[in-house]
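Listed below are the structures to be examined.
What follows is a pair of complexes built around chain A, which joins chain B in one and chain C in the other.
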Partner chain A sequence: MAVEALSTPIALGNQAPPQKVSRSVWLLPPLLVLAGLVVYPLVLVAGESFTGGFATWREVIGSVEFRDALVRTIQIAVCSTIGCLLVGTFLAVVISFVPFPGARVISGLVDAMLALPSFLVALSFTFIYGAAGVLGSLVGDSGFLATPWAVIVAEITFYTPFVMRPLLGAMAQIPRVQLDVAASLGGGPWRVLRQVVLPEVKPALAAGGGLTLLLTLNEFGIVLFLGARDTTTLPMLVHTKGIVMFDYPAACVIAVVQVLLSIGLYVALRAALSRQGGARAALD
Partner chain B sequence: MLLWTKPGKIVTWIAFALVFGVLVLAPFIVVAAAAFAGSWNGVFPSSPTTSHLAEALSGDELASLTVSLQTAFLGGLLAVVLGTWAALAARNAPKPLARFADALHHLPIAVPSVVVGLSLLVAFSRQPVLLNGTKWIVVIAHLVLMVAFSYGTVAAALQRTNDAYAEVAASLGASPARVLWQIRLPMLRPAIVSAASLSIALSMGEVGATIMVYPASWRTLPVSVFALTDRGQTFTAAAESLVLLAVTVVLVVTLDRLRGRSVER
Partner chain C sequence: MTVRLEDVTVRFGQTVALEGLDLTVAAGETVALLGPSGSGKSTALKAIAGFVRPSRGRIWLAGADVTDVPPARRGIGVVVQQYALFPHLRVADNVAFGLRAARKPKAEVARRVAEVLEMVGMAKYARRYPRELSGGQQQRVAIARALAIQPPVLLLDEPLAALDAQLRADMLGELQKLRREVPDVAIVYVTHDQSEALALADRIAVMRDARLVDIAPAADLYSAPPSAFTASFLGGANLLPVEVVEGGVRLAGQTLAGLRPQAATLPGDAGGASYQGAGRSGAGGRSEALLLCIRPHAIKLSDRVGEADAVGERGEGGGATAGDSWPGVLVGAQWRGASSRLTCVIDGLPAVSVQVDVPTGECLPEVGAKVSIELPVEACTLVAAEGR
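Right, the complex of A and B next:
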């Protein structure tokens, strides 16, 4: 293209530095809006958590309820992420390397599912695993819906596409010849998978897994809709304390803990990914 | 390719169909089936009916559909404008400032939606700005959550566009406003449209922040679905979720039509 030849700085000739400073004024309005709508409210939450000095903090952190919820949240997030990674990798490998007619439709479907609300999955579980549903009528009421496992299976269902999308992208870039050569040299499917495919898609796997871990830590819709009694997570506890019991200071303490947990993970993730390079797109 | 034998392939495909069908696809099919079922006491739903769907499209439930649509359009539109503005401005800003803006715009992704809701509740239930109890607190919650995605989508597209077009136009004497309006924005149109459809789709299904802040007069569709499930009216809840899905798909497909051919590459 002719334009490519022009990409050397012709237009930059006219005093670039002063213009840059005046141009950054344009960044001010969106930054002010975000400061007012995101930062200011979060600072108030931190302030509110200290209304009774450290007393509220001591009380909340010391409570069994909080510790159980913290452990439960991490358990559910870790188990769901591992499940998503296993299922997502299997599905992506089949779509990419054992293709069948309609595989493209399936990967389109995966893209569409990213934008669906998570509570749909929880709602469907009432009909699939409930006392009178598909499984209930086959094996009787197993009480499965009341256990943390129901939340984990629901989260695996909902978040598997989040792992599959970066994986499918990375797998599409592996030259098919590489696999054929490996196989012709006598590598069995497992060996080719382990030694050729997995090393190539590791950054995508890390990006998808990291994002899933973050989102499952913060997941609320699924837990709310399943409403299982012994699966209180931190976001659920924020809701109960804040909306049902109107105990704002306690809710704010839990919110601060949750935000520190999530942002800590997010920062670590972005740092790790930018060192690996390339796979950051999955977080955007 | 990975597998060379016919039986190997077939076994793998059967496993794929089972995992994908049961784990990923079944929940969505089940919700659709339940929406049309009079009862579900066996493996399959029975006594097909459209009465749940009719219920989901009348009275309070219909009202919450219009509430959701208004929230999604208002919140989504504001988020796209703000996100596009920020992405364009950050492109021209000095590096440290641009990185700060980048981090600030990604903050709402890392913060759980329930906490976003709580923070708005704490901030806008007091002076100087009282918004608690109005629809605006819901719209702001949606705006905050969607702005991160809009910013991300447009910023990623900006990285792939060629600055030369804008620079040539400027060197030929086009004013900055004209460069923005006739070069920058048209080149970003596909990204802006995908940002809009993603924002609207996510906003239509948002639960966490909405359930913290919604006033009784501004109940979005997902909140209604939750209220129905809570009361045990799961079939009507399924029908209403199906309405939610259908409306979202129609909106996204319509917006996709506006997207036109990509000019990025």
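Right, the complex of A and C next:
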């Protein structure tokens, strides 16, 4: 027994180096694929943006067109995300805690929604709100589709399930008896929601909201399909510059800004989430 | 405030968790629900609290039908078996939850929270989160949270189960004090632990298989258990098969004089819900299977060292052994601190072991020794055997 116990660390010490090597070998192929398919094109895009030196950058960044698009993009993304959080939380609470037949079916539909392409929502909007659409023919063309609000409403419609999915999971984890006790202490639904339910689903809310913010920042299909005149976002601008006007360097500048924006937001979200997780771990 | 349940039945799908419960708890009264695991105690509590809706029956609070009233408007204090503290609120905020929901002024909330936390001995943990507490500490916070709102009805589901013996005794004392301080509160107290039930309850309700078996004042239930189940569940009584004979009962071929079956244990008008006739009876059901019930501490043991051949000596009417004594053998002994639990077998009744408690300090026979087992007639009662 004693001999075995002594020999164990020695054996481990012998095995450690080859294990390390084999582990990095396994990491290599995915890293290569990642470099080939993701990093390389990005480097090309970045390189292209500098074909005219810094002049293109200065020109694009300085243009009113770009700044308007940047502000619009952020406005739409933030408004859509807030809308998604409100609608998603409301629906998730109803599905999770208000007993009604078919709650399971609806929760399944939420999953199905996640699988649909976003332009489908935009398409359906043109059928509903467009000049020839259901509402359009009733009240006349209100011009709603041409406003950024149409994009926001469409994005809320499409991205709400992305908020609901993690929320439904988190809410299913809350023990019913906690809500029962809260109610028996005289807590009304609003108080129970605020003090018991929401604090427990905060991580899910943050994850869903962060994902939605990232996705709405980069949303292209809905904006393109609705073709709203006043609604030029950064992805739209890239499309216009690159595909319509063949101004590749300018398109690449905007694309690089878009990528930096996304990565920056992603890093910020990760930091925020891990800080939250760290605080919880420290308390546990 | 009086709580009244009338034929309350709770079903979960196919499972019947509670069957036709009739129970009244008067204001100021404490009723303990006692029963084995899965007997429906928690379900009864949940029905009173409004957490589950009975599939049949009505529930009344202070004369008003609350069967369809949501928990929030019943004003009942509940301590559930799982504690169910709110994990994101500190101890003090957990306790304050009900007070804030009732929109009490800030100063009063603070005063009351400090008061109840002091009472359960958790004052110095007020700033902690529930996950930073041990199970027993969480349980005490849950009790404090229910007490804070000064409810007229208090439902406690095994509130002391996670505490050690010392703390349990302390909390039991606190609960007894609480009863004296708030005399009008009606308490339903669920427990596995018969000593808690005996210490706290005015009446004990024994449950089994989703049904109420017996309900009576604690002392009555203990001294004269109405059913075999209650006798063994409450206080672990010995149950020995006997036959009724002229002038008493017959146990292992020997007559115990002076013990008469009471009316309640007689077949026909058997009130005990558990009683089911064992068939095989003659005229009038007089020879129904009966069990002699005696508590382990009431039995007296003595050595039979002097007797050379006990089996041979035991004649038909109980020859050599004195009046209420039976010859037997000691087969096991377990030291339990203040007393020892001895297991004996009466000669001629090998299938039934007899538990005897002997206070520590008395000299004990050796395991395997022949003993004489004395059953004092005043400590014996008769209960109907269950025909299952």
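Just so it is clear, the second predicted complex is superposed on the first by the 261 of 284 C-alpha atoms of A that agree within 3 Å, B and C clash if a C-alpha of one lies under 4 Å from a C-alpha of the other, contacts with A are read in each partner's own complex, and residues count from 1 in each chain.
The working rule: contacts are C-beta pairs under 8 Å (C-beta built on N, C-alpha and C of every residue); 3 or more make two chains touch, one makes a residue touch a chain.
The model shown is predicted, which means the values in this text are computed figures rather than measured ones.
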Q: Could you classify chain B and chain C on chain A, in the superposed arrangement, as clash or fit?
A: fit
Q. Does the superposition put A:D180 against chain B (first), chain C (second), both, or neither?
A. both
Q: Tell me which partner A:Q195 touches in the superposition: chain B (first), chain C (second), both or neither.
A: second
Q.
By the touch definition at the top of the document, which applies to A:L27: first (chain B), second (chain C), both, or neither?
A. first
(Q) Applying the document's definition of touch, where does A:A251 land relative to chain B and chain C: first, second, both, or neither? (A) first
Q: Using the superposition on chain A described above, determine whether A:P101 touches chain B (first), chain C (second), both, or neither.
A: neither
Q) Any idea whether chain B or chain C touches more of chain A? A) B
Q.
Quick one: is A:F220 in contact with chain B, with chain C, with both, or with neither? Answer first, second, both or neither.
A. first
(Q) According to the stated criteria, A:G53 is in contact with first (chain B), second (chain C), both, or neither; which is it? (A) neither
Q.
After overlaying the two complexes, what is the shortest C-alpha distance between chain B and chain C, in Å?
A. 5
**Q.** chain B and chain C contact sites that coincide on chain A, given as residue numbers
**A.** 180, 183, 283-284
**Q.** chain B residues within the chain A interface of the complex
**A.** 1-4, 8-9, 12-13, 15-16, 19-20, 23-24, 26-28, 30-31, 33-34, 40-45, 82, 85-86, 88-90, 92-94, 97-98, 101, 104-116, 118-124, 140, 143-144, 147, 152-153, 155-156, 162-165, 167-168, 170-171, 198, 201-202, 204-208, 211-212, 222, 225-226, 229-230, 234, 237-238, 241, 244-245, 248, 252
Q: Give every residue of chain A touching chain B within the complex, in rising order.
A: 3-4, 6-7, 9-12, 20-21, 23-24, 26-27, 29-31, 33-35, 37-42, 44-45, 48, 87, 90-91, 93-94, 97-100, 106, 113, 115-121, 123-128, 132-134, 137-138, 153-154, 156-157, 160-161, 176, 179-180, 183, 189, 192-193, 197, 214, 217-218, 220-221, 224-225, 227, 234-235, 238-239, 242-243, 248, 251-252, 255, 258-259, 262-263, 265-266, 281, 283-284
**Q.** Touching residues (chain side chain A, partner chain C) in the complex
**A.** 175, 177-178, 180-188, 191, 195-196, 199-200, 283-284
**Q.** Interface residues, chain C side, partner chain A - complex
**A.** 46, 49-51, 70-72, 74-78, 80, 82, 84, 86-89, 97-98, 100-102, 129, 131-132, 145-146, 149
